[in-house]
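In this document, chain identifiers A, B, C, D and E correspond to the written order of the chains, with residue numbering beginning at 1 in each.
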Amino acid sequence: MSSLTIKDLRKSYGEVEVLTDINLEADSGEFIALVGPSGCGKSTLLSIIAGLESVTSGEVKIEDRLVNNDAPKDRDIAMVFQSYALYPTMTVRENMTFGMECRNIPKAEQKDTVARVADLLQIGPLLDRKPSQLSGGQRQRVAMGRALVRDPKLFLFDEPLSNLDAKLRIEMRSEIKKLHNRVGKTTVYVTHDQVEAMTLASRIAVMFKGVLQQYDTPKEIYERPRNKFVAGFMGSPTMNFLNAKVVQSDAGFGVTIDGGDGTILPLPADHTANLAAGQSVIFGVRPEHFNPVHAHRGDTSARMKVLVDMVEPTGAETILMTTVAGQDVVASVEPDDAPKEGETIELAINMSKVCLFDPSTELRLSA
Amino acid sequence: MSSLTIKDLRKSYGEVEVLTDINLEADSGEFIALVGPSGCGKSTLLSIIAGLESVTSGEVKIEDRLVNNDAPKDRDIAMVFQSYALYPTMTVRENMTFGMECRNIPKAEQKDTVARVADLLQIGPLLDRKPSQLSGGQRQRVAMGRALVRDPKLFLFDEPLSNLDAKLRIEMRSEIKKLHNRVGKTTVYVTHDQVEAMTLASRIAVMFKGVLQQYDTPKEIYERPRNKFVAGFMGSPTMNFLNAKVVQSDAGFGVTIDGGDGTILPLPADHTANLAAGQSVIFGVRPEHFNPVHAHRGDTSARMKVLVDMVEPTGAETILMTTVAGQDVVASVEPDDAPKEGETIELAINMSKVCLFDPSTELRLSA
Amino acid sequence: MQAHTPNSQTSQASLGQRLANLTPQMVLAPTIFLAFAYVVGFSIWTIWISLSTSTLLPDPTYQGFEEYAKLWGSKRWTVAYQNLFVFGALYVVGSLAAGTVLAVLIDQRVKFEAVWRTIYLYPLAISFIVTGTVWRWIFHPNTGVERALHDMGWLAAKFDWITDRDLALYVVVITGMWHASGFAMALILAGLRSVDGDLVKAAQIDGASMPRIYRKVVLPTIWPIFIAVTVVLLQFAIKTYDLVVALTQGGPGVATTVPAIVVYDLMFQRGQIAQGAAAAVMILVALAFVLVPYALWSAWQSRKEGARHG
Amino acid sequence: MADTSTHEQFDPLATGGMRRRITSKGIVYGALSVFALIYIAPLLIILLNTLRPLEDIVRTGFIALPDAETMTLRYWGEAWGSFCIGGTCEGVSRFYKNSLLMTIPATILSTMIGLLNGYILSKWRFRYDGLIFGLITLGVFMPQQMTLLPWAFVLGKLGLSNTIAGLVFVHTVQGISFTTLFCRNYFVSIPDDLIKAARIDGAGFWRIFRRIILPLSPPIVIVTVIWQFTGIWNEFLFGTVFTSGGNQPITSAIVAFSGSGTGERHYNIEAAAVIMAALPPLFIYIAGGKYFVRGLTQGAVK
Amino acid sequence: EPKTNMMHQWAQGSEAAAIAKLGEMFEAAGGTWEQTAISGHTSNTLAKLRSDVVAGNAPAAVQLKGPEIAEWNATGATANLDATAAEQGWDDVVAPELLTVMKPTGNWVAAPMNIHRVNWLYSSREILDDLGIDVPKTWAEFNAACDQIVAAGKTCIAHGAADWSDTTTFDSVVYGMDQDLYRKAFQEADLEALRSQGMIDAFAQLRKMIGYMDDGINGRSWEESMTMTMTGEAAFFLMGDWTVASANLAGFSEDTDYYCTQTPVDWGGNGFILNSDSVVFFKQNDPDYVEGQKLLAEIIMSPEFQATFNVAKGSIPARTDVDLSVGGFTKCQQQGLEDLKASVSEGSLVRSMAHNMTVLQKYRGAMMEVITEFVADDSISPEEAANQLADAVELQM
């Protein structure tokens, strides 16, 4: 059964169309992430699902019931806001019971529910504090608590972690994941952090300028992005895009980098559908699919000579900023493999993971 | 020649001592990063260097001149703030010339300087805009430009990137690095992002609760942290700390995890100084030093059986949340190696990279 | 926030739902009615009366713009109208300047801040009538400062601005400033407090002196506060009546007459309601001189704001 | 204890910077004091003149210290209870009640309506909301003299002529402009997300107002209450024209002193009455000044 | 049961006491007395009156005077007192000069309370005796006296500048120099008269007199000016007879502290500029109030009230049949009545422009503006002033 269905949705503010023809559905219990750069319409879409904004045209269904004209409170949803939107004058407990009060749930039941949720989120000791007396992480937890007391059909999150610092963000990310595993509610989660989307979601909807670019599992999106935007948006450091040409040789198809030394980088057989020799392509390689060539690692046929401009050790991995044929290439290598700045080294490319894009449509070529 | 020397510095606000006995020096042209959790005193230290706060006791020298009592403007420093602190009512150009005006530098020279710096930072087209008309990254660049027009002895940065989003942060990080390579000025850079510190700094000062924990190169700090705090603070996901015991066998020293199945994890010979059999230790392993055991990869003698609780694909790597003997262990593995949730797998440990800490002093044992 | 606007395809919203959506408008309706009656109704009535033959009592017979011509032919009115602009400008600028100086002084982390602030703010609690009366005592040579100086033996002392037709208006300005500069101070002070401390630090590192930091960096940063204060003060300036009546009664001669006094006199003392209404309309016109630019400015401001979020 | 040269340099008072700071502190306090004197002087002058007999005032003018021998508090008593105003010799005391009866309800009403309007205009968008807000705000600028006759007509039609209720009505309607302006600008700074969260929680228009908006309102309520209270309390024209005799507010009585009546001016009694009339707003400012400043910036700057 | 509510502007001092007396008498006669004392300026009273009329509840009785009575009469809002007047024979006892004012269209709508004389000259006995100066009878004598007084280091004229007091002085000047001019200019608002050489001469005399005043005239109240004369600080004070009440109340008395005489006239004989306070009655619906109006009118016109009220106010009764030799009338008041009678018989009686007894308020207001500006601004020449006077009046036509 599909828990959320969005059909042909459009939304305009006056002249400006901020959402164009969105189609999306989420199965029961799924965790959907909406990602995209700022201003792409993620929050607007979420608000429409919540009933906080009206649609211009199209349908929103929750558990197969058309809810276009239902007030937020009648949609049986819960939402967590980026700013947490905790009621500043109420204690944590009152924040959590407010919704139940509005729905006239008996006091005793309210109490039980709060106790249960507080237990789940380990916020029992905070119940009598005001939001201003909480740390960022605690506020985040309370915001989730407020959503959890509802037991709704649908959870909506609008960038719930973006106000936290890096370490806390990673922690809370895991907690949300655990929680979702435990509670199993259908969830729509807005973020502009692709790592969050990757780690949390069962399916990711990548949006750009109000248009849904791709809606698929994290693995598919990461490995088989539908177009250059999706490929570039997902992954950090970002995918390298090199202008290249397709060449055909005895060994099959390959590419040569424009302006380079003509080395042919052979493509695996399953990447060559739809290709024609001489065709211009954008050759996309993710940083982690480069590796310095080591004598002992055996040979890889796809190699590229690069000049190392800058070496950035980040701890677990080291980032190399390099140039090849005047184009920038970022590679991510093991710290122990790191060359020196100014060196020219050979990088091996894991050709089974590369992507080719059509330079004009920017769509991914090859299956 | 040392460009900045801080000797026995203390700073108290009333009763509260926020900086205790700080000793630090930076060679000419060095890039020093101050890292530490929020509230540890990084900004205070930077303000003292800048002359915006007075010292309680101790010395601050810039190029061997005692500046304790000099006003900020007499210290020949430039500073970039977290909030950028761009003068909102002035254009970018005016922001950059304001300091020169205050120092009565001739108009013509001001113009040249601005032109040169604008060129360097590629902000030429922005010169006549107001800060409010700039994006975050552009503001950051202007803030740097304002510092660069000074040609000071010392650059101070207070979390200059923390207001930018993840992608931009990485970009600007590289730019700062490039700029420093080019300009070569001594720089003190405050951040609470350890990756930034690692990638940028020639030396990192890790602070905690007003005390300097370790001051060393990034590599040393990452590989040979002086204590458990430094080890835990640097690196993401954070280092795993397991309670363990030292055992001595024929093969030399090893450790066994408390409550585990008694498997001995053999320590490399150079890790065994100062150890005694039966001693309790904290066994620290970074997530990236785990690897699923693969038949074809040959055998590693140090292996650990773990139960996989959760799998978080982030794209380039996949994080495994696991448990061993009731203790949480986070491992970071290649996406292709990722197991399923609920599986029990064997992880190989790169024992040459592990750290042992004394449970009571929390100092790193072994050289 | 958007009240649901039911659209054609999906207009199955229940009646109750739609009524609930109309609650804000319904709650606001009485106010809209009152405000409309008060602002628009009274203004239209005044405009209409100004074009009528009303004398002692309102009388709807249409007459045309004659009363405006008479009004502008009267010296008292031209002086009053001119005074409005001179007084308004000096009063607003003076109060802002004094308020700024006070706010900057208090901003120097002084002790007993609340006491200082209260001292400068309390005149706002004093009515214009009382303010005018007391300052008349102080300014009048027979009772005030000059008299005190004479009694102290300094017979040559002269402080008779209030009786000097060229200077009396400045007495009104000073008195008005006394009343309002605390208000300006309060807002500006709070504005100063909201300025990012890093800005000051940045300017210090740039080598700017404290006065320069205030002049070039801090005060320009809080210019929206200056606008807000200006609007509130202008409103006072345009409505000024009691202050002048109590202080100078518009004299010497007509030197300090302001439009509100003329309106009141024409309408009530002289039984020329039509001409008084014409004068009132002219006050509204003066108001438009101020409000129209302000409205344009804020519209532009919000458009810019919107553009930035977009 | 300063046995090394470095230590000496840490003595803050020994540094040039510190000395400069001390002199500039001196200038700051000096300037503050001079201003304070100017601001306090009028109050002080009135206060002192309440203690001086009339002959004394007439002889030496207003700016003089009271004579220790003739100094007396009895003018306070006269002003309060026995001075003749408008043919009744009960001092200002009988007007006090009228002023309170007029000011308190008008303040409360206009504040409450302003809160509601501000809430609606800042948190609920609908057609022409900007226009409506502009219209309401324009009311702030209407000159009173112009509205006298229309108000008289309206009050007559409503049967409220010569009643305190009529004054309450007039002041409430006029006050709505200010309170709405302040409240709306204040509420704009409350995040919309709070309202959205409450709507999802199932709260309606009124519940959001009561449970979310009102608890956040104290700063702006203090501002509007202070502003309205002092404004209404100090207003005299409406009080004079729309009420008569025993229904008049205290300011109308105060005007009786300063008006050009014939007969001797009792400056001392006048001064005492003036202070008594000014006490409630003064008290409110002194007690609430801190919150006034705080709330005003949150409300007025936007 | 008769009720009334009287609106007036005598909120304080002797005037308030006089009104209180009226209330007492009204209540003694079985009525229910209410009063609305409007503080401060006359415009406040008029504003309230207009507001009440607009609101549809006109007051039962209002203190109003001069041409305003006719104007209100013309609006049809006033009550008709003819029956009471006939019953009491008002036409026979009221000073003839007041009749046209009280009966603008032939019907009684107002009851006069008093007759004020505006053209009094109060002289400081101390100064005149010291310098051996006689009270001046003509403007030339007046100027000569002033020259002498100024030379002796005293202030000649005590004055507190305000539009009404400047105009009060000017009333006396114009009247004293040329009573026909006064009638034409100030009673008929004749433009030619306003622009005439006589008016220019009058302004020149006023300018001269301003020179005889000290520097503190602006913002000074008339009571202060009065005290200056009474205490011998200044020699002359031109003001109406209410001064007498105030001076006596303040403990000064005629002949010991001051002399009261008519202001100088260049044409010989007795002069009298008249001002009168009256109560106008507005139509009422409530019979109690109608009855109250009748009662109030009767009391106001009663010799007893006329005597008490005018003793307190310094004026003389509007009824000519009241005996001033009894009941505490001062010498100045008695003299006033004699002068009034003489003036009537000589045909020199005029009504006061300054005190709103002649032309419509709009003309009076326009004239007062010009006159007070002339006093305040030295740079205006008499010729300019006369032209401005005529222009200002013409503008309002």
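Note that contacts are C-beta pairs under 8 Å (C-beta built on N, C-alpha and C of every residue); 3 or more make two chains touch, one makes a residue touch a chain.
Each chain and its UniProt protein: A, B = Multiple sugar transport system ATP-binding protein; C, D = Glucose/mannose transport system permease protein.
Because the structure is predicted, anything quoted here is derived from the model rather than measured.
A.B. asks: Going by the stated contact rule, which chains contact chain B and chain D alike?
C.D. replies: Chains that touch both chain B and chain D, as defined above, are A, C.
A.B. asks: In how few steps can one go from chain C to chain E if every step must land on a touching chain?
C.D. replies: 1
A.B. asks: When the contacting C-beta pairs are counted for C-D and for B-C, which pair yields the higher total?
C.D. replies: Between the two chain pairs, C-D has more contacting C-beta pairs.
A.B. asks: If you average the CA atoms of chain B and of chain C, how many Å lie between those two points?
C.D. replies: Distance between chain centres: 55 Å.
A.B. asks: With centres defined as the mean C-alpha position, give me the chain A-chain B separation in Å.
C.D. replies: 26
A.B. asks: Measuring from the mean C-alpha position of chain D to the mean C-alpha position of chain E, what distance in angstrom results?
C.D. replies: Roughly 40 Å, centre to centre.
A.B. asks: How many angstrom between the C-alpha centroids of chain C and chain A?
C.D. replies: A distance of 54 Å separates the two centres.
A.B. asks: Scan chain D for residues touching two or more other chains and write them down.
C.D. replies: 148-149, 196, 237, 255, 257-258
A.B. asks: Chain E: which residues touch two or more other chains?
C.D. replies: In chain E, 41, 44, 47, 50, 54, 162 touch at least two other chains.
A.B. asks: Multi-chain contacts only, two chains or more: what residues does chain A have there?
C.D. replies: 52, 71
A.B. asks: Any idea which chain D residues touch chain C in the complex?
C.D. replies: Residue positions touching the partner: 24-25, 28-29, 31-32, 35-36, 38-43, 45-46, 60-64, 113, 116-117, 120-121, 123-126, 132, 134-136, 138-150, 173-174, 176-177, 180, 192, 195-196, 204-206, 230, 233-237, 251, 254-255, 257-258, 267, 270, 274, 277-278, 281-282, 284-286, 289-290, 292-294, 296-297, 300-302.
A.B. asks: Where on chain C is chain B touching in the complex?
C.D. replies: 196, 198-199, 201-209, 212, 216-217, 220-221, 223, 308
A.B. asks: Would you pull the chain D residues touching chain A in the complex into a rising list?
C.D. replies: 191, 193-194, 196-203, 207, 211-212, 215-216
A.B. asks: Given the complex with chain A, which residues does chain B contribute to the contact?
C.D. replies: 38, 165-167, 170, 173-174, 177-178, 181, 192-195, 198-200, 218-219, 222, 234-238, 286-288, 310, 312-317, 319, 321, 332
A.B. asks: Name, in rising order, each residue of chain A that touches chain D in their complex.
C.D. replies: Contact set of chain A toward chain D: 47, 50-52, 71-73, 77-79, 81-83, 85, 87-90, 98-99, 102-103, 146.
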